[in-house]
């Protein structure tokens, strides 16, 4: 009989919702499932918030005491969906308690914490994972397959962007995402790390970087109430304002250990871009394009196609592609954010049951944090910074 | 406290999965939820299939006796995900038993059955709904809003298509979808009804139609095993073949009661098209475009925009648009098939709790069947056929 | 030495400009050129207009007497760019005088005239051509090549549209294009014939049709001055108005002699569409898409591509494709309206020098007129009309 | 009466063709024309080449002695379409002779030559222009208009690319474009300068740059015959090879004097990209996108659009946009490479007649060369390099 894995979810916000949905839906999609996740306890800051999360997300119990919960013997998985500055303490405690830990990205709010988390993972028997869900988009998984099979030759150039506009309005609130002491960094950690993760996944380790970092909006209205509503937040032009001490944007050039070069850009101030994660990858025998805003599609060009029929193929992912057995039986029925999170849950549970470490685990995610930190450093020094 | 609605799901295939996921996820998205659906019993043809569906989809119980189940007093919702020829009998029995009934599209496999279902709905206190989920895509809901607000003026022309290619291969198996006695019709009922539903939703009732119907692949390999796998099915070129007695494709012209004209096309033999549901709607003051393959986007053109800045706007749906409060906090995080079914579940549960009839209910869906039947008729007579 | 062909251009408006440019540019592009066209005489209604056209378009002489000009012994080519109702008289006179004749589309303003023109062509030794330039877009020529080579199998479905919005504004002037006595018909003749021509070119003769024709704007401001400025015309809401007696839009279904079916739509009232000539062609082994608004591109899907790499290829036409030797040395340098007209000029001159009839010549274009006339007829009868 | 300007064209290759066409067509498009260019003499290396160019491009005379020609009193315009290393000598001689000079880009093959050319221009009364035609694409001109009018606020980020793949094949011939002594640089001068020119045009002067330059293909087959055929060249895998001493690709970050930041990328090794000149420009109140491969279109997003109707507008340029009075009367009839060159010719002739200096003239183009040279320098030093 399929094993049950009891989950403790720490943090009942936007990401808690996404993870809770995935626990419920994963076995419906990937069957036979590697395990059946059971929504056991959800933890939030107040009783009210925790109880609401319990009812809303279908957990058995609610709690405000994460430390007690992560040490309970009936918990298998600790799932960390808090703001960044709480990741390290919870994750390390959970790993010490022998739990499997999945943590939302970025790994932590400081490089020191990230290092400590990676060390704790190494010292533990638990399976760890960082929730860089975009690399699990089927179209990205297909890109990975094409690259690994050599179908575009050797990668020579990688260009990745993550552009949003939800914070382009100067009257958007100063949520925790704009505060260094909680978030660690701005666009770099929040969304840039997704692109770094994709670069590592598809091209391999980054060796050194050069960056320009910018903060366009120097102050923002102090947020009323604690909830981070991202693009759904109210704009308030007459509220008291406080300083933004993180970056709005990073543009950069990168060199990979493989010899490939490239560029990475992340901005939350790019009017008209919503969740514009794009990849353009040139190889010696072809190219690959991806745009998450049209995430059902991968575009690939093979240089050895006949001269009169050569061009980017727009492939809609489906049963013939990675994860196709678990998703929908016809391409373009539609991959949404839900589906990416369901796949992530599947890979995590599978790794737990197989006793392996999925990718990216804490150690791999540490590399991503090191690149992020080098970008910040280069933004200050104006020099190439090594990882 | 939020009321719980106990669900009996009849049919544990592709659609059963989609509905089960929606029951689990709906309150996570739309909170406070109108009600909490509880996955009580799943029914399938064999014990084995039913038990597997129970474990996979998270139901309390499994059964093979739908009649007993739909008459149980602890069941609130009967959800019909069987092949088309079983819809009527189950739905009518469930309505007689006082249940709320949601039924997959098309309403039934014959017009007679559809009429009987609509009559049973009228005679019942239950809430009914037919699962035309595409009209609940946020971008389609936004199109509806723009039209209702007069922002493109009066609609003069509607063009809708639903093109797929999963059955373009002559060696794809003869599943129930190619058998008239089970499916009723081919592309017309299977996918064409979605376009008719969208036309009714956005422009109003269709008055008469002219159609060409085609069956391109006259025989197909007899399917081994009973499961319909759509695009994931194996192709077999050496199996014994039997006749296809439904349409592969319909192209048509339509006249609406409003005076608008248009065209509707559905094909499962359109190589390269996957789930290509498109709308092009011309009004006296603007136009609307939609393509489900890029379903996060609605395109709208307003004729009164300044001359130098006039063109289709590509709007990514998000918090500022219909259903935005329940979905994701940033546009283009991604609407997938999952999200459309979660919205459908929300609207159905809300209607139950409000004591209203959602759209399309059985009566409205009967109109759609009448159009489908007129298309088939016109395909034979070559004449304009009235609804 | 390359032969010179002396040209008499009748009509110095929008189309005169396009043709004059093509005569000048053709040998620059296609070299060695089949012949060197020499801009000898341009004819317009008034001395002033003719002299301006002479200076502007680089002709040696100006005239207002087309009849004298087409009978001059030093003229080789008569090029007819007048409104539709003058085509027949000029063309027949020119053919009788032994000239080669190129005529703007549609062939004429009535079917009777078209028949007379085809007869005159048959009785003459001249080369005739009708300026359906869109079939000469390199991407369309590539589509033709793919179809002829069987690369998408047998064509089963053809869908063609030509949508514009330059006349969607009710205050756009009543130019000759809205007057039956001059234009013959509205959208059908003006732009629908282009789609019929493309259908004939790519799929073969149309057998019968069913149509809905609509006139949305019943009256328009009487035009001040005689020049037809299309999308550049001034709108006037307070001018005196007169009746429009032609169609604004046609939607239709068609059956080809080959057994293929399809649909054709033309509208000048489709807000947001500019010169939206689209083709969607389904074959038994693949599909082809084309959109003139992105005319450098042809999209083609081959069903026998490997399952994980199947999808529409977006091919940018260039040196590897039809007419590539004469155009630009890199794809996407750019095909504009100019380039389509230069190709047309090349094919016409080549046919003259080879002593062949290019396609479409007057006889072939007559078939297009017959389909156009059947569409108008069907719009009235509501019946399938044979060609 | 409209003045005639006699043209001496130096160089009868790909660019000679484009310019000759523009001289013939310009007055047909822009009427009344500022002047009528007359194709007087064409100069090429051999008698044969020059005479062929004369016949093909419609010049009165052929010559092999550029120095004699540019000193002839009946020549008004000297048009330089030679390889880069001949630009300076010809231009300076022509300017000394009091001619108006238009020169193909880049300005020269060395910075020293560029400086000398700018000085010669300053010392002369002639009008100078460098043929950066892409900034004259109507959609780019519209972008300029929107920026100048403040409609996207202050520009904060500019991202420009020019990607091609015609030299991605290692067996493409070693034309002059791969030889430093003739071309000066590789992708940087050939296509990167176009992007720098666009950046200067739209955002203003660049202040400093950081670059990675790469040469992917170290040797190429020695070219048989002297003609540069770009994408139409034959590939030869068994020919003798020689060294490539220029860059295949540059990626870079840039800072503008205005405070804006950005990135510029140019590659001739990007498989699948043809003439992929793209712009993404973020402002404080909106954004602009452009892709030359779909050059009829400009995309613009205005942040102050209503929340439910906000998104990029795809504007097809036409009569309502810059240069619209001279081009085609309906948007999307089509802008090709021809049309961009016709506009360039118009602006040059207009400046001559007005006695003004068009943009970019030699002095402005020198700034572009300085940026190009800083990119090359930074590629070696790994440091930020000032202009």
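The chains carry the letters A, B, C and D, assigned in the order they are written, with residues numbered from 1 in each.
FYI, contacts are C-beta pairs under 8 Å (C-beta built on N, C-alpha and C of every residue); 3 or more make two chains touch, one makes a residue touch a chain.
By chain, with names taken from UniProt: A, B, C, D = Myo-inositol 2-dehydrogenase / glycoside hydrolase family.
Model, not experiment: these values are computed from the prediction.
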item: A-C compared against A-D, more contacting pairs; value: A-D
item: Chain separated most widely from subunit C, comparing mean CA positions; value: A
item: For subunit A paired with subunit D, centre-to-centre distance based on mean C-alpha positions, whole Å; value: 42
item: Distance from the mean Cα position of subunit D to that of subunit C, given in whole angstrom; value: 33
item: Chain centre separation in whole Å, for subunit C relative to subunit A (CA means); value: 53
item: Junction residues of subunit B, two or more chains touched; value: 297, 311-312, 316
item: Contact footprint of subunit A on subunit C as seen in their complex; value: 142, 145-146, 151, 297, 300, 302, 305, 307-316, 320-321
item: Contact footprint of subunit B on subunit A as seen in their complex; value: 2, 14, 17, 20-21, 24-25, 27-29, 31, 33, 36, 52, 55-58, 164, 166, 229-232, 274-276, 292-296, 316, 318-319, 324-325, 328-340, 342
item: Subunit C contact footprint on subunit B (complex, rising order); value: 152, 156-157, 159, 165, 168-169, 210, 212, 214, 216, 249, 251-253, 255, 261-263, 265, 267, 269-273, 280, 282-287, 289, 301, 303, 311-312, 382-384
